[in-house]
Each structure stands twice: as C-alpha cells, then as structure tokens.
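Both complexes below contain subunit A, partnered by subunit B and then by subunit C.
Take a look at the complex of A and B:
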C-alpha cells in the first residue's frame, strides 16, 4: 500500500503540511500552558481543606473526565455564541484543549503530591514548618519529580487531541493532510504526511522526557 | 514532683476515633527535666497520647498545657512545635535532602538561622550522634539506626525544651537498637525533658523517672521504674510485663 505512495504530491503540499505542523505545535504549546495553569489551580483547590473551594475543583475534574473531548469542543463551539460570546475558532480550540487536559493534569499533580508519605509532612509540622513551607521545601520538590513523566505523557495525548480542532475548521496538521485527500483524492498520502508530523512531535517530547529523567534522578540513586 | 516546673500537663483529656474511646480521662504531669516512659499493648493509646503533646492529634475533651501553651489554641501550635521535638518510629527523613540538610532545614526556615550558623549547629549534632562522617549522605544510603540518629539530630537542632519519642526503635533491626538508645540515654542524662513510648525496658530502668502503663486508652499504673518492675500493683501490668520481659 505504501509502496505506491505518491511522494511527488506529498512534496508539492509540503508548504501546507509545514504550516499545519507549526499550527499544531503552537496550539499544543498554548493548550499545554493553559492545561498546566488549570491543573495546578484545580489541584491546589482539591487538596486544601475548605469544602466549598474543593467542590468546584472536584466537579470540574469529574465533568471533564466523564465526557469526550469532542463533545466538550462542540459544546464550546456552539454554546458560547448562544451566551453572546463570539470567539475565533482557534481560541475556542485552545480553551477546549486547556480545559480538557487541565483536568488530567490536576489528577496527575494530585497523585504526585499524595505519593509523599504523610510521615514526612508530620516531621515538617513537628519542627514548626508552616503549610506553605512544607509544600515548598518537602512535598513539591519530590512530587514534581514524580510528576514530570506522566505530565509529558498527557502532553503527548494533548498533541494528538489537537487534531479534533480540524472539526471546527481550525487549520492544523490533520486539516492540512485532509487537503491532499480532498484536492487530489489521495487520502493515504495525506494521512502519511500527517502521521509523520505527529511522529516528529512525539519523538521530541519523548526525548525531552528521557533527558529530564536522566538529569534529575533522585540524587545518589541510579 | 510537686514544686518542680511543669512542662506537660494533661487534665481529663479524652479522645475518640468515631465510637472508639482511645484516650480516657488522661491526667498526667511531666515536670521539667523528667524522663517518662510510656508502655502498653498495641492499641492502648500510647502513641496517640504523645502525638497529642505537639498537636499532631487533636482531642475532644479536657485540657493539655505544654510549656505554658494551651493546646486548644491552634494558633499557638507552630510556636509550640518549635520547642517540642518529635521522633517517629519510621524516621520520616526527607529523602531528597542529605543528612545535614535534613537537620538544618527547620533551623534555617523556622528559626531564621543563617545557613552557616545552622550548618555549624547541625554538624556538631551529627558528630554528637556519631554520624560526623555521614553528613553528605542521603537517607537511603544510611542504615535504619543511622537514619533514626539523623532524625534525633534533626529534632535537637531546633534546640527544643521537650523531646517526644514514638517507639523510636521498633522499626530497627536488633543490632541497631542500642546505637539509638545510647543517644537517648545521653540526652536524658543531660537533663532533657522526655516522653518516650517504648518497650525497651532496659532503657526505662536506666534513665526513666517514671514508667506509665496504658491499656484500652487509660493510664493503669504509674510508678518509678524500680517499683514498676519489681512490685507492679495491677494485674494487667503484671500480665503485660510477664509477656514482654520473658522474651
């Protein structure tokens, strides 16, 4: 099937594919930053002791994790205009990606924090460290170390999820590949070009994760 | 004890875990410089008792005053904890910090010492507990006994007025128990006020002023060690001593 790949057409569409690649790259980057901000916020709210602040954070994580990204995307795309909020498709896409991945990031960060044994926190309390000092000096340095790999994993998911934005006519990698399919009736060429773009992003993130864990292994271990 | 300055004073303290009455009407006074050993079967409430002293466990009824601070005043808790050291059964060292960093963390961030001052104090204490050559090691590079000695130095580096020990040798291999007990005996002889939950009766004989026996959340018997071991009054105490001393 791939033997008869029409590379001439793929090269002809290289500028479009490149534009789509850059677009996916920056949509993902923006989505990642939004997701981290929301994730840290939702996690901070979910682990603090006040119930009325905890409830919205827990509800947010539950609703997002219970529903498909596609439904969330359409909900924003068709729902926001009815509230009188008209935003460019690109921005709606970034909001949807941030909201979606933010819920997963919150859970990843939360489980990193909960993985720190309670005894260490009590040891900190017993020497008079405040809540914020215990978080900053004891819990977070260890929790974040445990969090980097799953965060990169979720980012890989986010990159691929950004392909759904093609459905609300955001031009990105998947949409660019579809152009080859539609203009030239060559869906396989389009999909292969698209897949190569995602593969590049995947390997970039994967090697970043590898480099990070090689440099930041717990001192003296491994 | 009478006129001696009071360091820890329980009056009618009660605590429940749901329906479970884990501390029943505890009244107990520990004077300045006194060493009190608390023993009793597991589940008797002895750990809960000393965890109340630095506010790690809240309680529902009664009054507890430590170094002049009423524990019901949660706002005063942080200041109190600076004066009350706590040593855990499971050491609870910070695994991402070296022995010296474990010891100097609170003095720097809580007492506001400069790094140089804190390290000078920390080095002296690690020397004192016999770990002068281990200051740069991470906890996982140390044996259990060494980790527990770092944990004791970590508490002492805050220069507390009281030291609490919650079964400090229970998680240790037998050959490491004495290196930790030796440090604790030294501390007791220097006049530190100590409450120690332990079954190490040799330690109790050597340095305790009083031994307390707890069962089902209540203090059953309190006596100086010589009386406690030779002529316990209560049947439950005799029964317990029979079980732990014959091994």
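Take a look at the complex of A and C:
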C-alpha cells in the first residue's frame, strides 16, 4: 500500500519536517497552557454564584464554541489590525489556540466539578468547611482526576487544530508537508510525512495520560 | 505505548496512505480517446482570483484560463467540466484521473516536471512588489531594508525570488490566492507583497482606490503552462498544437489583451 511512496524525497525534507514538528510541539504546548489558564478562569467564573461575573464567562464559552477556529484566527490576524493592533503571527496563533481550546477546557472542568455528588459537598458544609475549603479538599482533587482524560482529548484536538496556523504564514508541521507538495509536486509524500508527525504527538499524549491516570487513580473511582 | 497501540498506529498510517495514494489509472486507452468517448474534458482549476480564474460579479466562473480551456473543449468537440480545488487538491485530482488537465496559474519547473507533463507556455508573467499607499514603503528599495516583512505566496515565483531580491527582509509565505497577500499588506501584517503582475493588477482593483502602491519594476519573468499526466501524451500533443494554433490565429492574444493586458474585462465581469 505504501509501495508508491517516495521515502527518499521524504527523507530529503526531514530537516524541514523536524523543524515543523518542533514548532507544532511548542505552539501546542503554549496553546495548552493558555487554554488551561483560560479554562480554569472561565470555569471558576461560571460556577460561582454572582450573576454579573458568570455572564462574561458563559458568553465567552458560547461565542467560541459557536464559531469555527478558522474564523477566529482570521478575525485576530486580519481584523485586529483594523483596531490598530498588529501582533506577530506566532503570538496570534497561540492566542487563537488558547482562546479556542480554553472554552472547551472550561466546559470539561465544569462537568468534572458537577460530577462530584452533592452529598459530599453537603457533608463538607455540615462539618463547617468554607466554600474554598470544600473546593480545595473535597471537590477539586476528585474533579481534576476525572477531567484528565477529556483534557487530553481536547489537547489532541488542539495539536491538530494548530495545523490551521499554516494559513497565517506560521511555519509548522503542516506547512512543512505542504513544502514537499509544492516544491516537488508530491502531495502524498507531504501528507504522509505530516500525518506521521501528528501520529507521534498523539501517541506521546495518549501514553502520558495513561501513565498519569495509572499512578494517580483514586480507589473506587475509575 | 503498548504493542496493540503500535499496531494501531501503523494501521492508522496505512489508512492515511491508502486514502492519499492516487490510484494508478489504466493507460490502455489514450486520455484524449477517453475524453472524446465521454464527451467531456475535465479540467481541475483553482479559484485564485482575477484575471485567471475567478467567480465574476454575475456568479459565473470566468477568467483568462477558464475562457482558454472552454475554447479548448470547443475545438475538441466536447463539453468542459471544471473541478474546483485548492492547490493541495489539484495534483491528486490529476493523478487519480478525476481531472484530465490542470489549468491553474502554474509555473513549470524542472522539479515539478518530474511528476507531471507541462504543455508549452501559453503566457508569461513577471513578479512585482507592492505596498500600502502613503506608508513608509515607497519603492522596491524600501522593501529590501533590514526588518521589512515581505509577503509571498507559497511555492510561487515571488517566494523563490524573495531571498535573493530581499536578502535582509523577513519573508512570510502564505498559502492560497493572491488576495490573501493583499489583505496581509493592507492590514499591516506585512510591509510589502510580491506576486505576479497581472494578478496584483487585477486583484487590487477590488480594494478602494489608493489602498496599494504597485511598483513597476519587473522582478522576474516566468512562463505559465497547463499540466497533464505523463500517460496522456496524446492530450499533451493535442494541447501543444492547440496553443500553437491559437497563438497563430490571434485568439490567444485576444484573450490576453482582454483579460491580462487591459482592464477591458472589468466592464463585463
């Protein structure tokens, strides 16, 4: 099946592919950190009792989830300069990935928190723990464990979504593959090289998640 | 990673390859023979913008390349069918036999010609630089300054030229049509843009007057040609004769004068 593949040309472009792979890796890592920060913040605002603090968090999650990442990316890249804000494309890429994934992370974390049975929170109240103490001692340790798997799932999506940054001239893995397609007219070699890179990242994330879960599992909770 | 994971990984990759590797097309009957038999010339195009290939104000597919391939089908005595792809889809469409021919504003290079057969050039274009009017960039020389950013199209003449013409500038490659370059320059994401003169001239027309300053100096000269598979030598021979014929009888010049060398098309499209 892979017989027609010109591996010699793929190897010739290995330095570009490797550079692209590293770019994708660090763009994704930066996007992940931004997304987690935004996700935790948006979730914290969304579940606390004050309505005027809840509204912006809910609006953020809704707007991001309702629009495609490509539109968000173009809005930041071509739209912001109209307001006088010109940022380098790398930074815009990281902001777009963070904003986009952050909304999904917020929902994931929220669902993890809501999965903790109400009775445990009430038991905490009756022993005199404050809201923050209940969160820190009862809810979060369990909720965060429950969110690891969906967070990894969203991170895998984030890694693949970073391929869209090639459209605003960021050189990453997808762009490196396009290079083979365009210079040599060998799109298959380009696509397979790109796919291989994402596959490596996917399995790295998947096995990291598996190892973490195995070490940190709580008795009685899968 | 478990062993099953590794096996799953290999299978996933094989799946990618199975989808992406173009199926070999049987070469027993000539492509031209197939086209005549089915009564349809299938042309893969990119809708990259005027004057070559775009949707006009009436919603019709038009442009220099479109009109020329329509004429080609007419001379062949068949209907023309356009398959619209992004750059990435053009080559697989040709290789898999979905399209008989590529008619994008494609420059034949020796590296590319190891994969596809190019016809004779049907026209020549040259790269020019442009910038925002009234900005700090007033000439090609300004684009060469250290720290200037130059936007080019991935795989284009402009991209190849850029490192030699603008050695001190930062080059940003965009993938897609020339309008993306115009947006990048208009929004200030790049100081200068470099693209084919005819594309720049036609595409800047869609922006408010005075948005761009186009610098006249031609930075290169490059041919444009059609591409077919190497198993379509009959179609290639016919295509070359077509280009010779329309060149001699003036129909090619008429097409270029209307679409490329003047703004005449703007009245109708």
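Basically, the second predicted complex is superposed on the first by the 218 of 222 C-alpha atoms of A that agree within 3 Å, B and C clash if a C-alpha of one lies under 4 Å from a C-alpha of the other, contacts with A are read in each partner's own complex, and residues count from 1 in each chain.
Note that a residue touches a chain if its C-beta (ideal position, glycine included) is under 8 Å from a C-beta of that chain, and two chains touch if they have at least 3 such contacts.
Remember, it's a predicted structure, so these values are computed and weren't measured experimentally.
Novice: Could you tell me whether subunit B and subunit C fit or clash when both sit on subunit A in the superposition?
Specialist: Overlaying the two complexes on subunit A (C-alpha atoms) leaves subunit C and subunit B fitting together cleanly.
Novice: Please name the chain, subunit B or subunit C, that touches the greater number of residues in subunit A.
Specialist: C
Novice: With the two complexes superposed on chain A, say which partner A:77 touches: subunit B (first), subunit C (second), both, or neither.
Specialist: The answer is second: A:77 touches subunit C but not subunit B.
Novice: Classify the contacts of A:8 with the two partner chains as first (subunit B alone), second (subunit C alone), both, or neither.
Specialist: neither
Novice: After superposition on the shared chain, which partner residues are touched by A:215: those of subunit B (first), subunit C (second), both, or neither?
Specialist: Neither partner.
Novice: Looking at A:117 after the superposition, I want to know if it touches subunit B, subunit C, both of them or none. Which is it: first, second, both, neither?
Specialist: Only subunit B; A:117 stays clear of subunit C.
Novice: By the touch definition at the top of the document, which applies to A:51: first (subunit B), second (subunit C), both, or neither?
Specialist: neither
Novice: Given the touch rule stated above, what does A:166 touch, subunit B (first), subunit C (second), both, or neither?
Specialist: Second partner only, subunit C.
Novice: Could you look at A:178 and tell me whether it touches subunit B, subunit C, both or neither (first, second, both, neither)?
Specialist: Only subunit C; A:178 stays clear of subunit B.
Novice: After lining up the shared chain so the two structures overlap, which partner does A:187 touch, if you call subunit B first and subunit C second: first, second, both or neither?
Specialist: In the superposition, A:187 touches subunit C alone.
Novice: Please provide the least distance in Å between a C-alpha atom of subunit B and a C-alpha atom of subunit C in the combined superposition.
Specialist: 29
Novice: Just to be sure I follow: which residues of subunit A are touched by subunit B in one complex and then by subunit C in the other one?
Specialist: Subunit A residues touching both partners: none found.
Novice: Once bound in the complex, which stretches of subunit B touch subunit A?
Specialist: Contacts found on subunit B: 54, 56, 78-79, 81-82, 84-86, 88, 90, 92-96, 105-106, 109-110, 137-138, 140-141, 151, 154-155, 158.
Novice: Sort out for me which residues of subunit C touch subunit A in the complex.
Specialist: Contacts found on subunit C: 1, 5, 9, 12-14, 16-18, 20-22, 87-88, 91-92, 111-112, 114-116, 151, 154-155, 172-176, 183-184, 187-189.
Novice: So in the complex, which bits of subunit A are touching subunit B?
Specialist: 117, 119-120, 122-130, 133, 137-138, 141-142, 145, 218-221
Novice: Which of the residues in subunit A come into contact with subunit C in the complex?
Specialist: That would be residues 1-2, 4-5, 77-78, 81-82, 86, 89, 166-169, 171, 175, 178-179, 181-188, 191-192, 195-196, 199, 203, 206-207 of subunit A.
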